[in-house]
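Residue numbering begins at 1 within each chain, and the chains themselves are lettered A, B, C and D in the order written.
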Amino acid sequence: MADSSEEIRREVALIVGGGPGVSASCARLFSQEGMRVAVAARNPDKTVLQKLASDYGIRCYACDAQDPASVAKLFGDVTDDLGPPKLVAHNIDGRMADIFRKKITDADPDRVIDVLRNSAFSAFLVGQQAARSMLAGDSPEDGHRGTIIFTNASAAFKGYPLSGAFAMSSHAKSGLAQSMARELMPQGIHVAHVPIDAAIGWTQEDGTRSHRLAGTTVDDNMADPGHIAETYLHLHRQHRSTWTFEAILRPWVENW
Amino acid sequence: MADSSEEIRREVALIVGGGPGVSASCARLFSQEGMRVAVAARNPDKTVLQKLASDYGIRCYACDAQDPASVAKLFGDVTDDLGPPKLVAHNIDGRMADIFRKKITDADPDRVIDVLRNSAFSAFLVGQQAARSMLAGDSPEDGHRGTIIFTNASAAFKGYPLSGAFAMSSHAKSGLAQSMARELMPQGIHVAHVPIDAAIGWTQEDGTRSHRLAGTTVDDNMADPGHIAETYLHLHRQHRSTWTFEAILRPWVENW
Amino acid sequence: MADSSEEIRREVALIVGGGPGVSASCARLFSQEGMRVAVAARNPDKTVLQKLASDYGIRCYACDAQDPASVAKLFGDVTDDLGPPKLVAHNIDGRMADIFRKKITDADPDRVIDVLRNSAFSAFLVGQQAARSMLAGDSPEDGHRGTIIFTNASAAFKGYPLSGAFAMSSHAKSGLAQSMARELMPQGIHVAHVPIDAAIGWTQEDGTRSHRLAGTTVDDNMADPGHIAETYLHLHRQHRSTWTFEAILRPWVENW
Amino acid sequence: MADSSEEIRREVALIVGGGPGVSASCARLFSQEGMRVAVAARNPDKTVLQKLASDYGIRCYACDAQDPASVAKLFGDVTDDLGPPKLVAHNIDGRMADIFRKKITDADPDRVIDVLRNSAFSAFLVGQQAARSMLAGDSPEDGHRGTIIFTNASAAFKGYPLSGAFAMSSHAKSGLAQSMARELMPQGIHVAHVPIDAAIGWTQEDGTRSHRLAGTTVDDNMADPGHIAETYLHLHRQHRSTWTFEAILRPWVENW
């Protein structure tokens, strides 16, 4: 339950995916901008989330994003605790280490379904609940009911070799975003698709930047999630007369 | 078991999906062109397939294309019966009546997974078995080990409103085809993606054309599967110095 | 000549195209954000520009943007007067009334060349001078030498019927932007392509909004150039680890 | 003047561009298929064309394809000599050696205009005359008035660095083809766009294959124009219920 009428007026942001990169950076920036922020993760006890909670008062929720009931419960809980989310970001991209650099002839069918469930189907579940929540109630004066952002990878628009399952899930998420944008924009919901055409590095406690590949030097040849969050904020604040559906983000040195 | 050395030299085509449109037309044309043809369908007893069997000697197989074991068995059986397939077409597009014209907020999550399994995941399974079969053994003199064709819909490149699940599965199939093309073409396998941007009508016994929407008048404003089959044959026969990855087929009057 | 060391540190923006929509809105916003702003137009004496000059101190320059010498002179003059431009926007889209709704069989070849010169070739000339200017001198500490923005239309990615010349010039500008982005981003220049998939309306003196089609009611079903300018500013301020090459802007109600 | 009623019924093909690759191969194949073939080139006296004339009876015409009057005269002469063309291919891609590997800052503006005129504008002129000719007279029984094919390069869909002018002209030609397809297909004209994503090699008198880069070994890692011609013929013969607008051709080993 929101604590006071003042609090109720603060926008609520819900970030699905609890990684130390895009999700943590979005949580920090949105909080600094005055939003009430919720982060949902499979395991909300990890250090990065605990620190977001203690430093910024961000609420962390356990959620299995590929389970319909778990996602429905998440939206209910966040609405009860903070209010209905105005900005929802789905940051799960299905980039699982063991599905890369694997020949199509060697891929494990069970893992292919896992990847589809983890990335594309969870995006559908989150998008569906977000749409239901945003369409409920009266339209605000400016006609902007809310923003749904789907984080994706360059596999969203190019199917690379040796990663068929990832190409499938990334393309599927792109198709979902497009379909939802065409359906929901005329109803006042800004649906945005953000393929990040780069590895993502993040800044650690000690100020150095890190990356999931141990030993990789991280500088601005990798996408900085702090700056990704700035673009998400810009997308959320665009006026509905000039919405951007898709913004591909890539570092200056990326070969494309 | 192939009957004679002569028979062995005839190309084998395997068509997955047993509809009266693209699959039946491909089966007829490929057979007329001298190929040994197999058609796999969930229910191989339907009239259209029985007629292909009696009129053209086409072999029909029962297969649940979203089940890994069933697809593996299909390729084993076809290879035993006719020889290894040189041309494989996956014609299941996941266009299920009950997922269309449905708001994203009303979609049933269980059906979304069904659609992904039925169209995109079955395409993966068929593509994987086809690649394994084609890569086995020596490369032929002309370096062309085989052709894999994925039939798709216009939702492969455009996510329409009110059909999010279909957009997901069609995009996923497109991503799979791209990834497989980039991986397998340099190994001598022509992977082709054919989105059909139209309703498909087919010719009935009595010479009139029919369509799954009862009462629709069918003429050449609908894609004619006999002509679709001609393009599939052309793709299969292209020289590897000039392969087409994607051919979108649409009727002259289509608005796009 | 820049007046003082303080002034020299202010960023310089150069806007090519002197219309009352995107160009005027960019000029106002960039000026309000502390930049020194130059606007180049074929006829710098028109009212909208005179008002920008008197209200905001914006410098207006006469330039025939399809003439190499005139564009070279423009960059020289702006650099002398205000300093080298850090942000350059080319806002000429070649949308000439008399080339629309014209059958390909009726198009006047001379007008086709005019359109190519007016939109695509002028974009090349402006982009070339901008690149030369930005690449001169030392790289700044953050590695961002400047931003070049090409305003375009939806014909950049879709060739509509009855407007072949416009499709050609818009596509050409898109190809130029892509080529320049791949070439110049690794050298620290952010090249951005902004197709606006909408009619553009603008706010008049009296607060009502106007549009080049007399009598059209303008509300937020038309792209508001004030908000377009905000996205241009965001693009200019993106960190180079996460540059957006292309942002298509369209109103919430646009059919696409 | 066509010689007899029999002759009049033979289809007429007009190929604009007189190179030894795609144009010569199309001329040979179309002639072998029974068409009456005309080839237009800036200089019709070159050896390759003289040989087409003597070996196949192909008519060669002098034409400056970027001059409106010259293109109009070409269509008039071909119609008088052979009959109205049913299949027109524009094979000029503007790939001029001196515009490649040139920095955007070093490009000569005069050459940029040359490239636009040579490739994109000539495509417009040829397409316009072809459309006028095909739309004249009654529609044939099958509703297919004719086919217009635009040969293009991979720069049609990707703007590569160091070749801005080529990106502009290739994109422009793509935009033109799209616009004409949407306008003319419903009138019975099949407009097709064929980007060739490869270097093109051709077979010489002695059976070896050649290429414009002296000393390059040519085998099937280069697009073989004989096989390109086969795809053009297939496009021309597609039934109008299933036309392909775009076919990208690339060798099996191409990296894309």
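Keep in mind that, in the parts below, a contact is a pair of C-beta atoms (placed from the backbone, for glycine too) under 8 Å apart; a residue touches a chain by one contact, two chains touch by 3 or more.
Just so it is clear, the model here is predicted, and its values are computed rather than measured.
Trainee: Could you pull out the chain whose C-alpha mean position is farthest off from that of chain D?
Mentor: A
Trainee: Chain C and chain D are the same sequence; what rotation (0 to 180°, nearest 5) superposes their CA atoms?
Mentor: Value: 180 degrees, nearest 5.
Trainee: Centre to centre, by mean C-alpha position, how many angstrom separate chain C and chain D?
Mentor: 35
Trainee: Find the geometric centre of each of chain B and chain D from their Cα atoms only, then give the gap between the two centres in Å, rounded to an integer.
Mentor: Comparing mean C-alpha positions, chain D is 32 Å from chain B.
Trainee: Nearest whole angstrom, what separates the Cα centre of chain B from the Cα centre of chain C?
Mentor: So the centroids are 47 Å from each other.
Trainee: Would you give the residues of chain D that are in contact with at least 2 other chains, written as numbers and ranges?
Mentor: 182
Trainee: If each chain is a dot and touching chains are joined, what shape do you get: line, ring, star, complete or other?
Mentor: If you draw each chain as a dot and join those that touch, you get a single closed ring.
Trainee: If we use the touch criterion from the header, which chain pairs count as touching?
Mentor: Every touching chain pair, ordered by label, is A-B, A-C, B-D, C-D.
Trainee: Once bound in the complex, which stretches of chain D touch chain C?
Mentor: 68, 103-105, 107, 109, 112-113, 116-117, 120-121, 124-125, 127-128, 131-132, 135, 155, 158-184
Trainee: For chain D, which residues count as touching chain B in their complex?
Mentor: 143, 182, 185-186, 188, 190, 196, 198, 220-224, 227-228, 230-231, 234, 238-254, 256
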